[in-house]
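What follows is a structure written as structure tokens; I'll ask about it next.
Order as written gives the chain letters A, B, C, D, E and F; numbering starts at 1 within each chain.
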Amino acid sequence: MQSDIVAQGLELMLYGMGSVVVFLALLVVCTTVMSTTVNRLFPEPLPVRRASRKTAPVEQDEELVAVISAAVHQHRTR
Amino acid sequence: MTSGQCLMIVIGLGLLFLAIKKRFEPLLLVPIGFGGILANIPGAGLAYSAFENALHAGDVQLLTELASVLQSSAEDSIKGLVGAYAHSDASTRLLAEHLVADAGYTNGILYNFYSVAIASGIAPLVIFMGVGAMTDFGPLLANPKTLFLGAAAQFGIFATVLGAVGMTSIGWMDFSLADAAAIGIIGGADGPTAIYVSSMLAPDLLGPIAVAAYSYMALVPMIQPPIMRALTTEAERKIEMVQLRPVSRREKIVFPLLLLILVALLLPAAAPLLGMFCLGNLMKESGVVDRLSDTAQNALINITTIFLGLSVGSKLVADKFLDLNTLGILSLGIVAFAIGTAAGVLIAKLMNRFGSTPINPLIGSAGVSAVPMAARVSNKVGLESNPHNFLLMHAMGPNVAGVIGSAVAAGVMISLVGG
Amino acid sequence: MTSGQCLMIVIGLGLLFLAIKKRFEPLLLVPIGFGGILANIPGAGLAYSAFENALHAGDVQLLTELASVLQSSAEDSIKGLVGAYAHSDASTRLLAEHLVADAGYTNGILYNFYSVAIASGIAPLVIFMGVGAMTDFGPLLANPKTLFLGAAAQFGIFATVLGAVGMTSIGWMDFSLADAAAIGIIGGADGPTAIYVSSMLAPDLLGPIAVAAYSYMALVPMIQPPIMRALTTEAERKIEMVQLRPVSRREKIVFPLLLLILVALLLPAAAPLLGMFCLGNLMKESGVVDRLSDTAQNALINITTIFLGLSVGSKLVADKFLDLNTLGILSLGIVAFAIGTAAGVLIAKLMNRFGSTPINPLIGSAGVSAVPMAARVSNKVGLESNPHNFLLMHAMGPNVAGVIGSAVAAGVMISLVGG
Amino acid sequence: MQSDIVAQGLELMLYGMGSVVVFLALLVVCTTVMSTTVNRLFPEPLPVRRASRKTAPVEQDEELVAVISAAVHQHRTR
Amino acid sequence: MTSGQCLMIVIGLGLLFLAIKKRFEPLLLVPIGFGGILANIPGAGLAYSAFENALHAGDVQLLTELASVLQSSAEDSIKGLVGAYAHSDASTRLLAEHLVADAGYTNGILYNFYSVAIASGIAPLVIFMGVGAMTDFGPLLANPKTLFLGAAAQFGIFATVLGAVGMTSIGWMDFSLADAAAIGIIGGADGPTAIYVSSMLAPDLLGPIAVAAYSYMALVPMIQPPIMRALTTEAERKIEMVQLRPVSRREKIVFPLLLLILVALLLPAAAPLLGMFCLGNLMKESGVVDRLSDTAQNALINITTIFLGLSVGSKLVADKFLDLNTLGILSLGIVAFAIGTAAGVLIAKLMNRFGSTPINPLIGSAGVSAVPMAARVSNKVGLESNPHNFLLMHAMGPNVAGVIGSAVAAGVMISLVGG
Amino acid sequence: MQSDIVAQGLELMLYGMGSVVVFLALLVVCTTVMSTTVNRLFPEPLPVRRASRKTAPVEQDEELVAVISAAVHQHRTR
């Protein structure tokens, strides 16, 4: 019975590790296919919009920082 | 106060010290440590069910009645009656509960938290949804092959299962196969997954398993680097990887659905964990339910974390935690981490040998998950060899792959052992 | 995987597509669609009770035992046993549940969500409280007569009830009076009200009813304009309305209490829905509990929405959803919207003829509720005829009146049919 | 029995629609009475205060915007 | 509608008036007052259990069956059957519940809120955790002697217990010792503590006790000053206190753990209340779990407050609230506040006489807790005598000591009376 | 029996008030010991750090306010 549980453990290891590898391998394949399909059928209309959405505030922030630091500079050198 | 309770309170204070002073996963270890102290307050019975509270505080007459209901001999110890209760069928248990309720005993508050948050499975799933809403699959989508590293690192899980059954077979410990499976999941380096699996397969061991999982996750920056350095050459550690391609929003939206469909087709037992994870991620990436995504990442996950931590703490009650098995679990857990790290690094080396694009084997260790600590460790060890080589984003791929990998492993365990 | 499950997963993906790409009520349709996919994962049983899971996965011995407990013949199909269970008294059900629990079967996680969130009635009520805390009764108080438009648009509800019983009487469908009442509420264009009523009167139809309610609410900008244009002349659509008077804070505080008192005196069956709605509104308008009002509008309603959506999704399980009745519900639902819109517009024309102050009949269509979509539609159609005529604030009066109106209709239904 | 359910449906429609109309009509009356009473007994002490509360931050914002845009202007024309 | 229900709705409106117009503890009194109105809506049965709803609405046949199950004579009134139910054992109650469920009666929504939020003890504990996360023990740590003032003010609690049993012994009222203990806790001036204790010792009196506790807490600025002025001389009120020393972060982290350990060793019955309080405080002071601390202070405490308030409101149902005992509770409650205030001031005078550092006796009144109102009252009365004497920070010491003191008193009560 | 409940009430008062006083007196002692120990073993390394952490944003804020008010002044006096 004690060697039995070791046998069960071995089986669990083989079957379990096998399942994990097979599942993730399949996921690699599907993901690659999906990415190719998506990028071919809908060539990046969104990343750009998103980028602009993202960069807009950054630019504003930079501008604000520039303005404020200019003002600070002015304020200090007065 | 028994010496066991005293020791457990000291352990609780120790966990708080580690959490507050050493910043060991404080979000979980503060409530767990505090819950552990509360659970061991003598006479308060906060971690016991009404039935257990009756056994500890009840008079002889009540105990005799309970023994007769449970068809156990009246001379039985408390442990005997607990065992008889556990093996009774549902109607007998109900009868015993009525007796106990009529005598005025109630569940401790931590016991209630445990029932609602963990025994029902809800808290780990809600936390997994929140983690999903915080996860960016971008690096993984840019380089899907890193999923193999996430798979490789799960070898730590299954090697540990073997270790646990081995220890049982040579008589050092006494773990069932379900116990061994739950212990192995510590190697997944993923708190909610470990709690979810052990609540299903080995609720008695949940306390030490959760403590081990979170403690070793906090120790990742100490456990991993020596292993990583030992298994790689200086030249390998210097490998620079090609920059990741940009990933479109559409891909990020489709990916959680793709993962969900694969789980639905192949591994239904992993559906609760990975389903909630994908839901959280879809809420984030879809961009149309930012209200829900924000709540999942903040109020909801925080509330759940507090109660999850206290519930885990309820399993640190002395007469359940202080056991030889706990030592076994703690030592197996760290072995699991080490093996997972090594497996990740070795498979990365293998992929590097046979693949076309170069892979720095240091990112393999990030496959154990422990997001984002393990990825940061990869980055830090890489910078030691090449100060211009930033591996962080490359390591995020195997890092989130490790989350998926251990959830898949959890599903396999539950379907094979829990059935 | 059965073909039904496969079809339901495709439908779930379709709902997600509509929610994410077309922005159809994404806050609800993302969790509903996702829940629908989870519910149909073969072998996972996430949407089933422990009893149903036992029936699907149990061995012959367990099924025979269950059949004997339920006094059903052992050769019964799963459907037969489910029916026998549903018609047993509470103690027999308890006995069956014990058998199932002892055999190790547990409720699916979505089933648990449904029990806690919807079967108890809590989730729709909490959402209604949050909606109340977001509602401004100012436009309604400035022009209380618009309440009649909110009443008129509820005609869609009752006409649909008649349609449903009519379809039953000619044998196309098989709806009970309670089913018909629950289907009619789709015409109220109010998600939580529809879910609340159907959880009480027709829990089996909750899935299609909720999906229809939210889908058609999202389709309001397509459903309403043709009807509005067909029923009004260009001259009527050009009518400009007098500016709304300012409303004092005191009026806004007293109004929810007034509404509550009226409900208490006349329509106790509507008290849960309208009570929670008034509480939310009072918390907002009183200005002394901003902490609570903010939480009701954010963390609490968001958390509840996630679980409500998943719970509704649990009713999209193939063997309950794929039914001729679902088609009947979907077609009756859109008719309900159309009739409600028409009734609102026509009554507005009538009021315009007999009243002293001019009313643009386009605001009548906003009486179906679907806040604030229907009011925006009124505004948009109005601007087509007269680019300087902003009807939005005027349409908000009937719009929130429609919420009250359909909650009143819900109360009437529950008291007449549910008793 | 089939015409029975139609009869029941008709009854539900008449009684239900009647209830809705009567209830909302009563609400119209009560609301009108309430508004008149409230505005007569407590003539608008609050709306003014509220308005001032609301406009204050707006003014501040406007000022801030003015200041910052002035600074930006200055920064750009330098 | 009975006259009792009508009166209770007026009382509910009165509480809302006090909360909104007079700002009497609006966070609690808005939901309590609103819940009180909902509970008294005739025919809605929102505050009743399924069993009570069946008794109020059931037909003769059902009542006869229930009477036979409960072995009560069929001619019994509703009150008789309620009593028989309350004194039955758990299995008989289960049987009655089955009968009632089969007949289609369900728990009212407020009854469900009460069961989940208060009967389980969870809501007061969660609120106490949030209060702990908002509490700064700095002033107390800088001057630990002020803990004696927090102890002294608890005399109001125990004097009131004596008053309640005295009223019973002369036949004015009919309070048991447990009732008296629960009533006394009103003098602790701490809402969640009062609710927690009375949910355990005297659930029937929870309504008036909670209303009294919150109302008198709001009245502290009116109740305390005359007593403070009467018991002190002008010279005493002018006393300036030495500035408080700075307190290190380490002390603040260790203090909640120290308090927890003392509670664990000496007073396990106070462990739930003080444990959750200390957890909240530790989360705040540790500085490593700001996410959790913020949530405990905001979303979580707000959500809990809404449901706690509605649950308390469910106890304002006419046939339970309108009782001579309620008047007794209201009058005893204000006496408790007055005695607590006086005891705090007098002990402060005593300490001033025998101690070395000067203590302004006005800070003694802050020992009743009612944080931070009572401390502000001390400051205000002090400024009247010496416009340069700011007592606020000095009064915060006894103020938070009062919270600890009444939680300790609660623990003593529960262990002595509730056992 | 009625004097009985009074006796029980008296007992509850004496025992309860006693417990409260003893517990809080013990807390006074322990707290004093704890504070002394902590401050002796770990002499205030943290309060300073904390203070600096706290004051930093305040200073920044003050600077920002100074800058903005200077800009406002400049803007107005132009």
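Criterion: a contact is a pair of C-beta atoms (placed from the backbone, for glycine too) under 8 Å apart; a residue touches a chain by one contact, two chains touch by 3 or more.
What you see is a predicted model; the values in this text were computed from it and never measured.
In terms of the stated touch criterion, the partners common to chain B and chain C are E, listed by label.
Counted as hops between touching chains, the shortest connection from chain A to chain E is 2. With respect to chain F, maximal separation of chain centres occurs for C (centres as means of Cα atoms). By number of C-beta pairs in contact, C-D leads over the other of C-D and B-E. Set against the C-alpha centre of chain D, every other chain centre is closer than that of B.
Rounded to whole angstrom units, the spacing between the C-alpha centres of chain B and chain E is 39.
With centres defined as mean CA coordinates, chain C is found 37 Å away from chain A. Centres computed as Cα averages put chain E at a distance of 23 Å from chain F. Contact of a single residue of chain C with at least two other chains is seen at positions 298-299. Residues of chain A found to touch two or more other chains are 68, 71. Per the touch definition, chain A reaches chain B in the complex via residues 2-3, 5-6, 8-10, 12-13, 15-17, 19-21, 23-28, 30-32, 34-35, 38-39, 42, 44, 46-47, 50.
Those residues of chain C that touch chain B in the complex are listed here as 1, 9, 13, 16, 19-20, 23, 26-27, 30-31, 34, 37-38, 40-44, 46, 95, 97-99, 101-102, 109, 112, 298-299, 302-303, 305-306, 310. Residues 140-141, 144-145, 147-148, 150-151, 154-155, 157-159, 161-162, 164-166, 168-169, 171, 176-177, 180-181, 246-251, 254-255, 258-259, 262, 266-267, 401, 404-405, 408-409, 412-413, 416-417 of chain C are the ones touching chain D in the complex.
Per the touch definition, chain E reaches chain B in the complex via residues 89-91, 94, 120-122, 125, 129, 253, 257, 260-261, 263-265, 268-269, 271-272, 275, 278-279, 282-283, 286-289, 291-292, 294-296, 298-300.
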